[in-house]
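Down below are the structures I want you to see.
The following pair of complexes shares a single chain, chain A, combined with chain B in the former and chain C in the latter.
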Partner chain A sequence: MSASAVQPLERNGGGRKSNWVRALTSGAAIVTLLYVVLYALYALWEPRALSSYTFTNLINNAAPLAIAAAGETLVVLSRGFDLSVAGVVSLTNVFMAVWPMEGPGGALISLLGCCAIGAVVGTVNGWLVAVLRLQTIAATLGTMIVCQGLALVILDAPGGMVADWVSYELTGTLFGVVPIAGLIIAAVALLWLVFLRTNTGIGIYAVGADEQAAMLSGVSVTRVRFAAFVGAGMLYGVAGFMLSAQTATGNPNAGAPFLMLVFAAVALGGTSLSGGRGGLIGSIVGAGCLMLLQKVLFSGGVSSFYTGIFQGFVLILAILFGRFMPRLFNAGAKK
Partner chain B sequence: MSVSEPKGAAFQASADLRRGGGISRETTNAIIVFGLSILLILGSRFVSPALGSWSQVLTVLMLASFLIVLSFGQGLVILVGGLDLSIPAVITLGGVLATGWAGGGGDWYVLPAILAICGLVGAFNGFGVTVLKIPPFIMTMATSIILASAALGYTSGTPRGASPAAMTALMKTTWVGIPVVVYFVLLFVLAGWLLQSRTVFGRKLYAIGANDQAARVAGVAIGPVTTQAYVVSAICAGFVGMMLVGYANGATLRMGDNYLLPSIAAVVIGGSSILGGRGSFIGTVGGAVLLTTLGTVIAAIGLEQGWRTVIEGGIIVAALFFMREEFFARLRRPKRS
Partner chain C sequence: MVRDGQAALAVRAVSKSYGATVALEGVDLVLQPGEVHALLGENGAGKSTLVKILSGVVRPDGGAMTLAGSAFQPRTILDSRSHGVATAFQELSLLPNLTVAENLMMPRMPRGRTGLASASAARLAASEILRRYDLARIDADETVSALSLADRQRLEIVRAMEHATRVLVLDEPTAALSEVEWLFGLIRQITARGVAVLYISHRLAEVRALCSRATVLRNGRSIATVDLAGASDADIFEMMVGRAVRNEKAPRPLRDSAAPASLAVAGLAGGQLKEVSFTLRQGEVLAVAALEGQGQRDLFRILAGLARPAAGSIHIDGKPTVLRNPQGALKAGRGIAYVPEERKTEGILSSLTAAGNITLPVAGRISRGGLVWSGLEAKAAASVAGSVDLAARYLSFPIADLSGGNQQKALLARTLLTGAQTLLLFDPTRGVDVGTKQSIYAAIRRFADAGGSVLFYSSELPEVTDLADRCMVLYGGRIFAEFHGEDLEEQRLVGALVGHAAVPKGMPRKAGLETGS
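Then we have the complex of A and B:
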């Protein structure tokens, strides 16, 4: 699936390996395996885990982080760090809570508004990074702080109400089984697969892998980087929208927890933090793993005081495992 | 800008920037940040007559002391091309242990022992980054999550105890009208500068950050030296935890949270490359002083919290913008192997 679409760019030298080995050892496949293992553990300790209700809840919990991680992936692939994710999520959450719009039409306008906020922030980031060539981590730190400030200006303390339609419908299911949030995540993944076919999509990998080589091959580095930040910003907007649907209220600091988790999800999904390798779908599943892990630890009876210790070690092990698996397969293929 | 210029220069660690005359660029950078700080303090007189005084300068230096110590460690890690996200958790660790083990008084060896424990945390980071080859971002974040959880469990949610006597003395007493901590910070800056710019250890850090392959060929033991940078960073963070305890006379579990991003911002505003190999501690000190000045001046303006935050973010971007011209003047020189 996604993995095979990414692979040709990822490894030029691996032509001899069969396609399925590549697909199996890609970041997305490994993190999916991790997700399945975690889910099995969860089902073992929590019999209700297999019900559609629990699954919907899991998807709803993971959706905001998954979509934000998807956005961050665009920037990380092009070799950058985007800290503005925390700011945009806070800002859109506050936007949703202070100006709720009822009904499906209102929800659509809200969604467009969130995307627009993200796009504006992304444009500013793109301008600072691609045109002025400021360091990504520092420039987006600045925009993140500005967004956090604006969120505080709009809503100085947690409060407000997200439109009922948004908070009920978007956390519900279609035909009683398919979580709506899951459909939105799927839509993001689908858009990504389409985007991969475009020149800009390929350009993101090229720029992330070797900026000078990309430039010499005629890729417009400025445009690609700009597109990555704007696309990322819009996805953060959608993430803020989904978070609002889930929490049903506003909090000017709603985005702060996303800052670290988003990068964890991206790395867990097999995307190299130094750019050029990985994919968006891995990040989405990675986000799912992070959220699922909390449930698994809870149902496994780990005191909430100590869940962090497990999370930290799982993160390290997952990264090591993701590196070890391809080597194992490579060794097997050579024999 | 000519076409032949590497467009991504901003993203590439550039060893070449250090070639000849690199110091002057760093000096210029430091002068810009210090200049901005002084302008801010002088300008703040227009905001409120209470500002811009000698006592405000002392307050700024005192408040900046936390950030200066922290960003020294963060700066060394960034210099070798890493990033230390475990700083908030190590601050909390230092603070919680200091109040828990040495609250009120404490034997002379307790505080050094706590610093040694913090150093072990840094060694753990270094081990993950250099031996397990985990990206620094992920490794230090994992350490941070683990430590925060351990601190939560250890204190059952509420840290107890008061500040150790030595830290209270450092943070609360004055000598010849100047807080003792200001003298301490001046000495620290001198020592830090010597370590980073005038010792073999410092030169090795620059070499690794600029080009680790070349450094390896040149005989630098990459793993141990990189690990040492993380150890220094953790010790600095642990010490800041103790300083904060001395300042506030108690520890909280979230006491380090507000220091992570400023510690990175101070280093970057001070003119270092986030990708390593370039920067000076003096510039970082300038960045820390600028950020702290900014915080105190903005706090005094009397705007609501939201607008203050907006201005703070805007000034960070503006400061980066000012650095940029300087940055490009250097980049235009022919270079790159």
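Then we have the complex of A and C:
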């Protein structure tokens, strides 16, 4: 049993937090606020920040990390860690660069291929974790290394060429203002909102909070874990697809930088790394913040060597802030 | 007696083992429709395993179950539920991060027009359920973590009642409820519809108020099914404890009641503990007996310096003392040392040798030039190994390779090596075989005879009666009774353990409800 279930929280009626307070103190709201603040800073130092071109660039930069973080969120919510993100992104990037397919039809087949690669890796992860009961870090560490190795076998050095259609169209805009990458991110968010209203979607939160209680409540823990890993794998595939559109070339180590940043984005987005609390949209905005921070620092004249230091500090501050906000409101409500 | 064919649920010779541990061997149980049937037994008698089997969480190794005459072999909790058998679990199976409505609807949410789970439909359905069970004051949109423990318990009961069309299993349903009328009223309603209720509680007064018959489990077997009207409390306790002949208690010299107190606490409170006062004298072995969760854990953790008391004072060897941590406890007066219950997590360091574990707390004392030489370590370990009957050849083994009994001996040796004159032992022989138990008892007695003081908690009553000079029974966080000398015998203890002397007000001790047939 979790400790929270044991605490006697005898409360008087009427002490309930209203919905808007809850929404405002959620992780997603805090990280969105952070994004707005960062953007304002960016606009202050860089007048072109408000142009459609700059915005599209920002979204394009952030899209791969945002979608990968969205996938990772599924696993983290169900109380697990998925390191295979780095492997799947590398593998799909290599796949895109070695077998480019032109035209919109080719792009669609490539996208489906990327999703399939992710789904296969996710299925293996799900099987190792849900059926063989391996620890999530151990199981996904294994699949990550296998995928990295596979990527190297397919393409042993950076090179190859991503299909022109993919690298031009997917980094462009619709009607000259709406970034295509933004639409894809929006589609992921929309899918999440639908998934959230399925039994499996609610089951992910249940399993993440207390696997035993979820089982006793009738939730199929095995099915939920499979769904989380397969869904995550497919999103990593999409992330690899978007990264390929961005870089237009292949690199067998393309996924490596994602490993840490993905967890940073998830935590920044207000998802508890111990499972059961948070959401996917927060992670997407969290990824956006991490990438935006780089731009802000650059435009503020800070050397790019300092980027990591700032990213780390912002991450820790945001988590502290997220913990502090609800307390602040609670204290107010008690008076 | 009614034949099985008409019974709501019949369990025949059901058995279950976990590896070498036999949890159940040969349990028979028959529930009639509309009956409230009690399941009684000590801790570890097999009650929770039986509950898990009935709920479909674990599958039995042998035996058969029938539900209203047809075979009943639930494979999952949903399977069991679909047959009309539902359980309110003792450890509560609610998800704290989900709303009341989501918890009540688990695992399938009601769908809206879009085919997706609809929060408003769930809220509506849940509010309707809560209203029917007289809990309209609970908001269906509230997250469960914001509810009081009592309301969570009520929710767990409501959810089980919603699904129980044939058999309802209630495992300690009143553990967090201060008043039981709400529950008793619901049980009367559900039995009036013909649902059979299996009621598990250690509160005998409640059982008598509610149930007509009881089945007693002991060591994984069903000992008997009795009519509660015709059985005295003493009869029931005897069945729970068993009549097994046991060794005469070794004659013990009377303790000098004027011996100086090594530990005296007054008004101690904290966690589940509410106002506990007692004195432990030099040369005395004092036992604490209690059912699970009566505050014994808090008592030991406070005295070991692992938890801070909320109130009360502690005198060690006559001096008022504040225990900040285990190191502090070890240095207070003549020293207090604690042997924890969870060997694996709190006690041993599994990567070190037995000798390394034993000498750990005195590593500083036996080092030479700041380094602990293995020769010194072995010498120090060997000096105490004999006093706990631990064979010297085990000392060089990694402690994880030792049996549970030998690990416990090593832990005890480590405690003795600290030189502390007051030992706190929490369930010192849990999971230890009989022979090892005897040598641990002998070591404890030798320690006390040499002037040391021992406070121990045990979940096994024979251990309490055999080893202790005096025994305190904790119930609801207070010292409920105290026994010494002739009075210290098992059956009296069992009565006190369940708070027997205290019948809650407004609960007349009568034969039970009319079951309608």
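Convention: the second predicted complex is superposed on the first by the 320 of 335 C-alpha atoms of A that agree within 3 Å, B and C clash if a C-alpha of one lies under 4 Å from a C-alpha of the other, contacts with A are read in each partner's own complex, and residues count from 1 in each chain.
FYI, a residue touches a chain if its C-beta (ideal position, glycine included) is under 8 Å from a C-beta of that chain, and two chains touch if they have at least 3 such contacts.
Quick caveat, the model's predicted, so the values are computed rather than measured.
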| item | value |
| --- | --- |
| First (chain B), second (chain C), both or neither touched by A:194 | second |
| First, second, both or neither for A:219, with chain B first and chain C second | second |
| First, second, both or neither for A:101, with chain B first and chain C second | neither |
| Contacts of A:120 with chain B and chain C, given as first, second, both or neither | neither |
| Of chain B and chain C, the chain that contacts the larger number of chain A residues | B |
| Partner chain in contact with A:178 - chain B first, chain C second, else both or neither | neither |
| Which of chain B and chain C A:264 touches, first, second, both or neither | first |
| Chain A positions touched by chain B in one structure and by chain C in the second | 212, 215 |
| Contact set on chain B toward chain A in their complex | 6-12, 85, 128, 132-135, 137-139, 141-146, 148-150, 152-153, 156-157, 261, 264-265, 268-269, 273-275, 304-314, 316-317, 320-321, 324, 328 |
| Residues on chain A engaged by chain B in the complex (per definition of touch) | 79-80, 83, 128, 132-139, 141-154, 156, 207, 211-212, 215, 221-222, 252, 260, 263-264, 267, 272-274, 303, 305-309, 311-313, 315-316, 319-320, 323 |
| Chain C contact footprint on chain A (complex, rising order) | 1-2, 4-11, 13, 16, 194, 197-199, 201-203, 205-206, 208-210, 212-220, 276-277 |
| Chain A-facing residues of chain C, complex | 55, 57, 76-78, 81, 89, 91-98, 102-103, 106-109, 116-119, 137, 139, 142, 145-150, 152 |
